[in-house]
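I'd like to ask some things about the structure below.
Letters are used for the chains, namely A, B, C, D, E and F, taken in the order the chains are written, and counting of residues starts over at 1 for each.
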């Protein structure tokens, strides 16, 4: 073939599809939101850029070696592949790929050998995804770093606020039901596992959402992660109206008693206690909460500062980079441009809203039942979205009463929400898988 | 099945075994020693926490995908696995696992496909172990970082002290013999390879011990690593009585001549010289000592400070984290709760004691034969346990003579001990494997 | 066998070959150049040390498990391997290895099982190479870090200088032709793919050269990387005579107009623009330039400083360490001690010279055609070798006119050269593979 | 066995939300218990607190350089 | 199909160098276009510039320690 | 071939300890030799020492910020 024709055929212009163009626009929108509007930039910059890379036409950066071979391979290779997979020559690429996925190990090994001999390796983003997300490692390592950055002090000073973190998880399960209702009425097409993964958006916790959907609904991972991080950034817009609607001015103005100081020993024992409880009651949450507790213990024990420092700096940064690019690899037209994505985006915001509402309502109930005053606004921080939701609670509280500093009080339910959604994740994985 | 029953059956309470309870207690003890008693916390915190995670009942975090499938899989999956492995349905899990390990490659591939289709992946700690220890990489990377932190100055100023580092390795080989004697008399059950791995505890060098036992005795790795790090922390208790017993007050008071300054060129040539000697005489020690010399060369050459800085900070910290968790994954009842572990713990302390004694005795001999005075106490630092053993020598020396600052003199044998035990490790691997 | 004989047989002295001795000398020479002569020490120290390790006789650190088994295995293992591979017992090792490489997947799996059961794993450097280079990851991660360190300001202030970066890539393609001519006349033995990989040396960009040769000519990777980094260090010697020869004193003294300031928005949009152009025109350059643009965007967008800081510090340092050792693993006699290596070294310096010349000549042309003055010296910086070539241009300019500060002006073509050689790499991969 | 999707979802909600509430309620109780117990035994642990680990005893050489440079610069600026 | 190696090399040079020139020339044009367009719309972006992200708002504790130490040391040295 | 375990252990001890002693004794000799040789040739190497590498020439921007802040703070405190 003439080189100029080879170059043209290999160029992106000759291969670009409408779907790719749309996905490139969406990726650019995510970058805009991250950079100009400060929407969770640490995740959305890598995710958006990963989305751009995944949609480079003709590069197949998000595809496996076998998928790249069917996309880019010459007729000779495709014929050999068809022969090994026992199908007529000239079958379309996606038929070959799906046959390969169902083939027995030895046929797969033969296909792998052919593909490798023809010079096709996994796409860069595909490799990143396999190593970081499919293995489950990246969300866990990030959770370790988050643990090393988490201060359980306010929670230990006022353990009742754990219940606010529990109540706010109602958003998760209500959303599961919503997703299933949409399927029931034929509007969308979600399985129980899909619905469970979508619900976790309501946990307002990125690594948890990615971990769960990598297990329960890998195909929806892109949309779920994008929804989770976008709505976390929108917490200052989503939450205040709900908080106002469900509380009176007087309740919002309630001042809370100053928190007691917490000893170092309590801080050290708490992650161990939490881990043991997880071990006894909900082993399926052990990877997530185990790494979280490990990070926190390293931080609080004070004798391994080198390690906790690395866990919440170099290691979490490296992992975030590759996690973000890997999530971006799921921003491809055939998985993202789907009516289900609209459903996920819609359900996600509902999940946040219901979680906020149930946290606030639980706050009101606790305020009535308790002898010491509890400002129901801090219940909204129970969705997690650390520390954004706690800041929102503080701001709304200050509007009602300029002496009312809720920030530290809201940090309790805020970190409780992280535990709560990890527990919910464990339940989902145990019951649904 | 009713969800509440599923949750109960999946819970840890319903699945916990006595062995797991004991291992959890042991892990908590290690954490206590690390945090409250400052026993090598950089390793024992991750090891102890890894031990907790490995014993979360029903999670199988330390198991391979196949082992998890036999532990957690439903009857249907177990029946298919039995069929592929050619054994009657209903065979117990450990039978299936051992058949799998001996099966031919194609049967293993079929089992892997079944297990993966049923949704079972490797446990988190199992993956960490494979990547960090089974590959041999983590101890080597740590050794590189240790090399970048090692100052060969005192050794170069007084090369004779290398002989003290050689003598102290007698503890290693005496312990090998001790372990074999215990087997001979039927008290324990150690092979030659096991005995060699146990002996290396006497090298008082964590990464070397882990590297050797990952090759020669993976099943004993947990106990060996725990013994090695625990006894390194106990050096200030183990060594002084032996040092007092084997020296006179006058010998302990000997002041040594001040060390000459060492040129930059000598520091650069030394790691290269050491590597070349290893290459010519003992290739099996090349991975360990090669990485050690590499780290040291980067540090001393002064032109790659970015790299040596990373090797002794971010990289060694990240590696230590995962190495520790991986070692913890071996703290499981069926491998650790064994009379052999008692043997390993007993032999380990003997190894340290004999190593200390032979170092001190060699010091006495050298003091008699040499024209310049040598304080025999610095021989005790030859076991390595850098820099703890050198500090112990300094302290005991100061007790006998308040003008007697031995610290820098003891650093020579101290780093020589690192080289010595890596050489011993190489001999073991060459002769035993 | 008697242990002392085992030890002797296993020692390096008994196994060393002349080739290994020569390669050890070459590695020591590289270390000398790096440490004493400051030749790109960040790469040449790890490469040189990797070369030493790869040539430890009897260790096989740069070999795969199968190769190590044929080198070090006993007669029994070799007989079994011969049987599986269907060849007479006693066949030499390299026959077994080449049969294995051509064997079908199931035979390979059987061989792997045998080798693993006999206790042979991949050599340390082999593992490093597979993970860092064969996967393509390490050069890409380094390119991301380079992107995060690159300042496109001077280029954005004067986009015309991109053409200088284009012209200087002529060195690449002229060298390809030179390599093919040497083959045509029977002096060397290069394929088209080999020639393309050799040409990339003229790109004066280490990661690009390594990336391309890992795809097109893995066997030549050692020589190509060594040539690329050595000549980059020699830029201050290679370029000035050519710059003097091709310019008049008056031209060298041309002062350039001060660069305008560049807005933050321009800096943010440029990497996106570049990525989109790559996506549309040359997908095969997308991995390299994509990661480069990603690093640059992270740096310039200002909202993910944690990530860009990690990308240009901890992450690039860790990757450089392992990349260097992995390149060193290719410094083995049977691949390096070849007349082709001489050819590569010769062609490499020609590539640099032609690239410099075409950059300078393009500078003269642009100076004539343009209304604003352009000093042709900055064309020499178009070969990349950032920032060395720009400094050389500045120095030569100052010699001709002491008021003539060209450094910032030369940075434009300098970074344009990085883009240019990555584009050239993409073309090579698209047309040659 | 052949429950509708909605029934499964309702069950998931019931048992899921129930588990979360039970788990975190238990955690409230156990945390209080722990705090009560640890309040008395914590003297021992806090006694070890002032012993800095080697890791945080080291001062970053660049930071040291920064201090030195800052002082040096200042002295020069105050001399002039 | 059976071109000589040299012919292939010449073609590679022609098309390769051509692609590099075309690509970078296009980039010149597009960069100028981008700079022209962005000059007018960049107010919005630069408006967000002063808002520091959490990442760079944090000051390295060791750096803080260095500042404190430097000031402290200086005060003592200027007092004496 | 059918040695007892103890005999194998004794052999391992003999040859192992022997190797360690021989290896480190050789290292003593070679190190002395190296130090003697290098003492004369080391001028060349130390000549390059003052040339800082790019890596350590760069100053951490945060450190720079720390210096600036320290000086600034001090000036204000000494003005008042």
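Everything that follows uses one rule, which is that contacts are C-beta pairs under 8 Å (C-beta built on N, C-alpha and C of every residue); 3 or more make two chains touch, one makes a residue touch a chain.
The structure displayed is predicted, hence computed values, not measured ones.
A.B. asks: In terms of CA centroid distance, which chain is the most far removed from chain A?
C.D. replies: With centres defined by C-alpha atoms, farthest from chain A sits F.
A.B. asks: Quick check on chain B against chain C: do more than half of the interface residue numbers occur in both copies, making it same, or fewer, making it different?
C.D. replies: different
A.B. asks: Report the chain whose CA-based centre is farthest from the CA-based centre of chain C.
C.D. replies: D
A.B. asks: Just curious, how far off is chain E from chain A if you go by their C-alpha centres, in Å?
C.D. replies: About 29 Å, centre to centre.
A.B. asks: Round to the nearest whole Å and give the separation of the Cα centres of chain A and chain D.
C.D. replies: 22
A.B. asks: List the centre-to-centre spacing of chain B and chain C in whole Å, with centres computed as mean CA coordinates.
C.D. replies: That gives a centre separation of 37 Å.
A.B. asks: So what's the Cα centroid distance for chain B and chain F, whole Å?
C.D. replies: Computed from C-alpha means, the inter-chain centre distance equals 22 Å.
A.B. asks: Which positions in chain D are in touch with at least two other chains?
C.D. replies: Within chain D, residues 12, 15, 19, 45, 53, 55, 63, 66-67, 70, 74, 78 contact more than one other chain.
A.B. asks: Give the residues of chain C that touch two or more other chains, as numbers and ranges in rising order.
C.D. replies: Each of 3, 7, 35, 38, 41-42, 106, 109, 268, 281-282, 302-304, 306, 314, 427, 431 in chain C touches at least two other chains.
A.B. asks: Tell me, which parts of chain A touch chain B in their complex?
C.D. replies: For chain A paired with chain B, touching residues are 104-106, 109, 135-137, 140, 268, 272, 275-276, 278-284, 286-287, 290-291, 293-294, 297-298, 301-304, 306-307, 309-311, 314-315, 427, 430-431, 433.
A.B. asks: For the complex, which residues does chain A have touching chain D?
C.D. replies: Going by the criterion above, the answer is residues 155-156, 159-160, 162-163, 165-167, 169-170, 172-174, 176-177, 179-181, 183-184, 192, 195-196, 263-266, 268-270, 273-274, 277, 281-282, 302-306, 309, 416, 419-420, 423-424, 427-428, 431-432.
A.B. asks: If we count contacts the way the header does, which residues on chain E are in touch with chain C in the complex?
C.D. replies: Of all residues in chain E, those touching chain C are 4-6, 8-10, 12-13, 15-17, 19-28, 30-32, 34-35, 38-39, 41-42, 45-46, 49, 53, 55-56.
A.B. asks: Could you pull out which chain C residues touch chain B in their complex?
C.D. replies: Touching chain B from chain C are residues 3, 6-7, 10-13, 15-16, 24, 28, 31, 34-35, 38, 41-42, 45-46, 49, 52-53, 55-59, 61, 106, 109-110, 112-113, 119, 121, 124, 127, 313-314, 317-318, 320-321, 325.
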